[in-house]
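Order of writing sets the chain letters: A, B and C. Residues in each chain are counted from 1.
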Amino acid sequence: MLVKTAPDIRSADITDKKLYLARREFIRAAAATTVGAAAGVLGVGAAEAQSWPRVKIPGALKDSGWGKGEKPNAYQDITTYNNFYEFGTEKEDPAANAHTLKTTPWTVKIDGLVSKPADYHLEDIVKPEALEERVYRLRCVERWSMVIPWVGFPLANLLKRVEPRSNAKFVEFTTLLNQQQMPGTRRDVLQWPYVEGLRLDEAMHPLTILAVGLYGEYLPNQNGAPIRLVVPWKYGFKSIKSIVRIRLTDREPMNSWQLSAPHEYGFYSNVNPERDHPRWSQARERRIGEFFMRPTLIFNGYGDQVASLYAGMDLKRYY
Amino acid sequence: MKLLVFAAALVPFAHLLWRGFNGDLTADPLVEITNETGIWTLRFVVITLAITPIRRASGWNPVIRVRRMLGLFAFFYGMLHFLTYLVGDRFASLDFPDGFVAWSTLVNLLASIWEDVAKRPYITVGFIAFVSMIPLALTSTAGWIRRLGGRNWQRLHRLIYLTGIAGVTHYWWRVKADTLHPAIYAGIIALLLGYRLALSIKRRKGSRVPSSGSRFEVAPGTPSASE
Amino acid sequence: MQPGVPAAAVRHVFYLHGFASSPQSSKATFFSERLAARGIRMECPDLNQPDFFTLTVSRMLAQLETRVAALPPGGVVLIGSSLGGLVAVEAAARQADAARHPITQLVLLAPAVELEWEKWTEVTPVGIEGWRAAGAIDVFHYAFEGNRRLAFAFYEDAARYDASARRLSQPMLIFQGRHDESVSPASVERFAAAQPHATLCLLDDGHQLKDSLQFIWEKTAAALGL
């Protein structure tokens, strides 16, 4: 199958200059007359005290070329606006509460239909890899999105190392579950532990990465430290955080959100403006930092790279 | 006392402005403002509904004097909530083929609101909750009590029960997975409404109300023969 | 009366508010402000005290008499609205303290001189018998902006009074709205006709007389010599 690997994200993000300026003027005018709140819209404000350690990832990071021309969102926004229910269901909760997460030592159990099942130490997973910077869009199912400069490596590299068996069709991921470290898990807001899954070809796709950092630094806890998945053409909840287990299987995994509300969240969860969430439209999204909601793109704009995975598939049925 | 309550009721609004000035409205301020104004609307509706039970339970009659103000504050926050939704959600999702200031903009905005109200159940009940407050806000003054007559005014203002029920349903249907808080509000509202229901059933059964202690007895003097 | 002190010099003006009303009513406030501007402090007892449930005409009369007795000697002018008008009439007839506190003048606003129970919307749903059986009924109280219970004792007590039969010697001003649905103009006309010194003004207004307050004030001020 032909997979286009052109990293440039083009027409979707280049707006007509006049309209762009007009919109900027509108926003400025709104800010001048609307007290306070509008200033917040433009992201103007005091920098919050960063209360988590920021550690630069040593060594040079390869520039993958992904996300050229995309302006990443502010570090402040990326690290204080999170859905990580294990640490609370409000957006500010993970940044405030995730300091209790213990990220070293960290082990990822890789098992199931693989030739080399084992409990892998994080260092053994990451050290052999040439980490690269991938600037990806992340589109949350709640209709907001950000551009995040991840640091990671292709998931395919890890999977090849553990040699999936020929009958392996899916990859299942599991997040850490620890009630002491994760206060939000004391309530069954979702069924814990958090589970996600991919079809094997999705997992092997060059776009799919395991991320260990962002903005050149190791992941803050609230962003899914120390290792998480990023699948940019799917809704954000599929980019599972703080992974402790990767299992190859021949059956479609039951991911946590589908378990919680099957008519609202499915397995594939590809970004699709034509398939509404039962309670809201998915046709538009708010890019954090902007006022006007931009049209949502099929596969979050990565259609050239991934559409072929779903050729002939009814995406309204397999949501 | 009214001044104190007025000032206190403005605190959530002031806090929101304060957060706005400090850029402390999360990465998506419009959603944050919508959520905050929404929850305060619900809180004020609940507080307003609680005034009469509080009065009866505590016997502290003057508390009734702040009920109107609290109800109007519920409407105030409801207006803010609706306006934020109007601007930050509906208006922000439009296309502007003829520029911002155009008839097409107004038409599209109204169509967009209507579509949301018609297609999304949680918006439908939210809209009902908001609209139910409008006649209450308009007829909130003592002048209107006289104009409508006490009984009719009272019947109209029972709409607040609808506001409470529709409002908490709106909240419940809006959350993704964490239904704890909506459930708490639903429980409180159920208690407050259940209390009233129990009261009206008791009244209708015509139970004899025990006569209270003091009765002023005036010697029934024979009417003096006035010239 | 003390020699050297003209009888009309010291004068107390009382406002008796209506049923399910209060000293904060718009009429009470209106008169209070106008009188204060003329240097007169209007007495406005809260006839709901100690509670609405045990309200009776007798209790109101007793409250009035107690309040009056506590004041320095002088003439008393009673302004009575609706049920307060009935209380004013009865008090003027009784002259409980004619020596020190003679009631010298009356201003009556839609006085309920005949208690037309069939017009009481609180009563009509259940009727007097229903009220008697239940022991109390719900009344929408305008000051409390909500329902309050009223004991049947109110009816029993009120039934002992017949204000419409009084013939009062005091001069009185009576204001009545033609479109009054609570107090029938006919009953007030009958009452006025039977008084030797009554001036009746029939106004194009309802029971609240809210459109006529300015007119009422001007006539009242003139009658009080203000």
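We adopt the following convention: a residue touches a chain if its C-beta (ideal position, glycine included) is under 8 Å from a C-beta of that chain, and two chains touch if they have at least 3 such contacts.
The structure presented is a predicted model; accordingly, all values stated were derived computationally and were not measured.
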(request) Check every other chain and keep only those touching both subunit B and subunit C; list them. (result) none
(request) Please list the single chain whose C-alpha centre lies closest to the global protein C-alpha centre. (result) B
(request) Starting from the Cα centroid of subunit C, hunt down the chain whose centroid lies farthest away. (result) A
(request) Calculate how many whole Å lie between the centre of subunit B and the centre of subunit C, each centre taken as the average of the chain's C-alpha atoms. (result) 37
(request) State, to the nearest whole Å, the distance from the C-alpha centre of subunit A to the C-alpha centre of subunit B. (result) 39
(request) Give, as an integer number of Å, the spacing between the C-alpha centres of subunit C and subunit A. (result) 76
(request) Pull out every residue in subunit A that's touching 2 or more other chains. (result) none
(request) Name, in rising order, each residue of subunit A that touches subunit B in their complex. (result) 22, 26, 35-41, 43-46, 48, 73-74, 76-78, 80-81, 85, 89, 91-92, 142, 144, 146, 187, 189-190, 260-261, 279-280, 283-284, 286, 288-289, 291-293
(message) Looking at the complex, which residues from subunit B come into contact with subunit A?
(response) 16-33, 88-89, 92-93, 99-100, 120-122, 173-174, 176-178, 180
(message) Residue numbers of subunit C touching subunit B in their complex, please.
(response) 20, 26, 50-51, 53-54, 56, 58-59, 61-63, 93-95, 121, 130, 133-136, 138, 140-142, 144-147, 149, 151, 153, 160, 162, 165-169, 196, 208, 210
(message) Looking at the complex, which residues from subunit B come into contact with subunit C?
(response) 52, 61, 64, 67-68, 142-143, 145-146, 149-151, 153-154, 203, 206-212, 214-218, 220-221, 223-224, 226-227
